[in-house]
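So that you can tell them apart, the chains are marked A, B and C in the order they are listed, and the count of residues begins at 1 in each.
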Amino acid sequence: MMRKKPVDFILFALTWLSIIATATVLILVVGYVLINGVPHIRPSLFALQFTTQNQSLFPALMGTLMVVGLSLILAVPLGVFSAIYLVEYAKRGSRFVKIVRLTTETLAGIPSIVYGLFGFIFFGVFLGWGLSLMSGAFTVSIMILPLIMRTTEESLKSVPDTYREGSFGIGAGRLRTVMRIVIPAAIPGILAGIILAIGRIIGETAAIIFTLGNVARMPNNLFDTGRTLSAHMYALANEGTHPGEAHATAAVLLIVVILINALSSRIARLIKAS
Amino acid sequence: MMRRFDEQLAILNDMLLEMGAMVEKTITVATQALQTQDVGLAKKVIELEDDVDQKEKDIEALCLKLLLQQQPVAKDLRLISAALKMITDMERMADQAADISEIVVMMNRVPYIKKLEHIPQMAKATIKMVTESIDAFVRKDLELAKAVIEYDDVVDDLFDLVKHELIELICTDSSNGEQAIDLLMIAKYFERIGDHACNVAEWVMYSITGKQVK
Amino acid sequence: MAKTNKFSLKNVDLWYNNFQALKNINMNIPSNEITAFIGPSGCGKSTLIKSMNRMNDLVEGCKITGSIMLDDESIHGHIDVNALRKRVGMVFQKPNPFPMSIFDNIAYGPRTHGIKSKFKLNDIVEKSLRDAAIWDELKDRLKKSALSLSGGQQQRLCIARALSVQPDVLLMDEPTSALDPISTAKIEELVINLKKDYTIVIVTHNMQQAVRISDNTGFFLLGEMIEYGDTQQIFSAPSDKRTEDYITGRFG
């Protein structure tokens, strides 16, 4: 007992050190962004038009929401249903499942700039969509597909088999079991994956600039170009002429991310309660 | 390594053996008292009978404890339930030996109207049955148990013989009546002891085969 | 009175890939009686009970030969597997209520089989819970999550859920192994009461439980059925030495 005490203490101290370090970094980043950004947030930043006089971030904010919305519409059903197939229908441990899994894992490891290049060439040039909302959303949805698939798979696997047995045991078929028992039980995990995906989309710049473009206006239709908040910030920071607006954009971006997270967990709770 | 339950069953076995020996002794002493008309010996039987009663209570307690603790099944269950039934029969045998001794005490050394001949034979036969039924239990010997049950006929025949002799004695001289009835009761007690030995043998058979003998 | 057989098994062999889990099982399971399967772990008793409503179909590499007849109809024939499982309900070792309300747990079965009317569902839920002897405890909190119940209540809820689709047979795979003695006693009582309406097959590790509740007992060892017969007979005078050794605890 006595001999173990110093080890205990060291581990305890290390644990606390890690917690403090993590929290400090988080507080520093958030604090830095907010302190530098919030004073620069003015109503004019939310003007409908971006002009050289007024660096409005509103078009970029809208662009962000559009890209997020559209790519989720594309990627979530595809990712979730593929995962359901892999976990619930495909033979466990079959060759096919292994190949699909290898593919998704590889996709997840590819740098985003490569996606951007691919999207630019395939959607923009080959399909002739140019720099547009469609090119951007498709590219980004391919990027987040592996993420959504993996998290959905994991959350489906974490649903205890006893639930499935209970449902089969009462004479329910596989479809009903999956729809009524497995998916509801897996929803929180699936939503967590979607939140992560949203985070990745919002933070993306390279792939977006290559495919959506970086024009400071709101896309008028699916094949129109635009920019997202991250791209907007990149542009402002790159030019170096509007550091205040860049900081304000960062603050808004942070707030948007926090809001989306809060909203998602709210939705998750509502679904769980019903 | 022997399991605790098996150890307890071995103890039960030993206790049954001891009780069997005590019952045998009770009957033997009662027979001696009867033959010698020794009142002191007869009174000793009554003490022996108390010891048998005590032994019965001890075995009963052990059986109940084992039933409760081990919830025995199969041969263990049969062994313990047979033991519970057997000790009742064995206790009754000792009771009857005591009853015989009481009659001996009551007759108070009045000379026998006839030299005892068949009653001692009955005593010998019943003691043999008791000994063999206990042996059958210890050795799990089915054949021996069956033999005990068959041997009961010998005792029954002897009883009939004694009964007829006594009737004749009463017919020749009615003043023989009182003692004749006492002797008849003694013979009847021996006959009952034989029946109880039969019961013991039947429970031995049940504990071996699992089939109830009727 | 002639017994009618609910299940009739002939020459049943079962493999998990190359491992033979059941070897030539032949037995009849009488209607409206409780039949217990006993035996050491891995003896095949759970495998056998799971093959009676084809839950083994879900296990990869499981192959079964021979015939299993339910009311003189092969369960591997034309019968739809979901229809079979509606007739042959199952209660599992660990209580497994769905993560939904008590009401929805019970209504899940009838809804699966096409009953939509709220009125009918109310009826079925009440009747099932009453049959499972848990209505009085739960009637005021049907909207609460089933996961908030105690283990024993959850298991009786699962029995009610199995009863909700009006099966003929109830298969129970060690239904009390995860429960305390009082909950166990309640379930045993319940099972005995259910036998007038259902045929019950129960796998149990608890020998005393088999003695207390079952009419027939089958003893299994290494995939073989060693002995099968009247429970009292098996437990007072088994005919096979291996049965004797197992039930008296002198096994191995």
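Please note the rule applied: a contact is a pair of C-beta atoms (placed from the backbone, for glycine too) under 8 Å apart; a residue touches a chain by one contact, two chains touch by 3 or more.
Quantities reported herein were computed from a predicted structural model and do not represent experimental measurements.
Colleague: Treat each pair of touching chains as one step and give the shortest count from chain A to chain C.
Modeller: Counted as steps through touching chains, the separation is 1.
Colleague: Can you tell me which chain lies farthest from chain A, using the average of the Cα atoms as each chain's centre?
Modeller: If we average the C-alpha coordinates per chain, B ends up farthest from chain A.
Colleague: In angstrom, rounded to a whole number, how far apart do the mean CA points of chain A and chain C lie?
Modeller: Taking the average C-alpha coordinate of chain A and of chain C, the gap between them is 47 Å.
Colleague: Return the distance between the CA-based centres of chain B and chain C, expressed in whole Å.
Modeller: Going by mean C-alpha positions, chain B sits 51 Å from chain C.
Colleague: Report the inter-centroid distance (CA atoms only) between chain A and chain B in whole Å.
Modeller: 93
Colleague: Would you give the residues of chain A that are in contact with at least 2 other chains, written as numbers and ranges?
Modeller: none
Colleague: Can you check the complex and tell me which residues of chain C touch chain B?
Modeller: 207-208, 211, 235-238, 243-244, 247-250
Colleague: Which of the residues in chain C come into contact with chain A in the complex?
Modeller: Of all residues in chain C, those touching chain A are 53, 55, 58, 60, 82-86, 89-90, 92, 94, 96-100, 108-109, 112-113, 158, 161-162, 164-165.
Colleague: Would you mind writing out the residues of chain A in touch with chain C in their complex?
Modeller: 91-93, 160, 162-173, 176, 180-181, 184-185
Colleague: Chain C touches which residues of chain B in the complex?
Modeller: 3, 5, 71-78, 209-211
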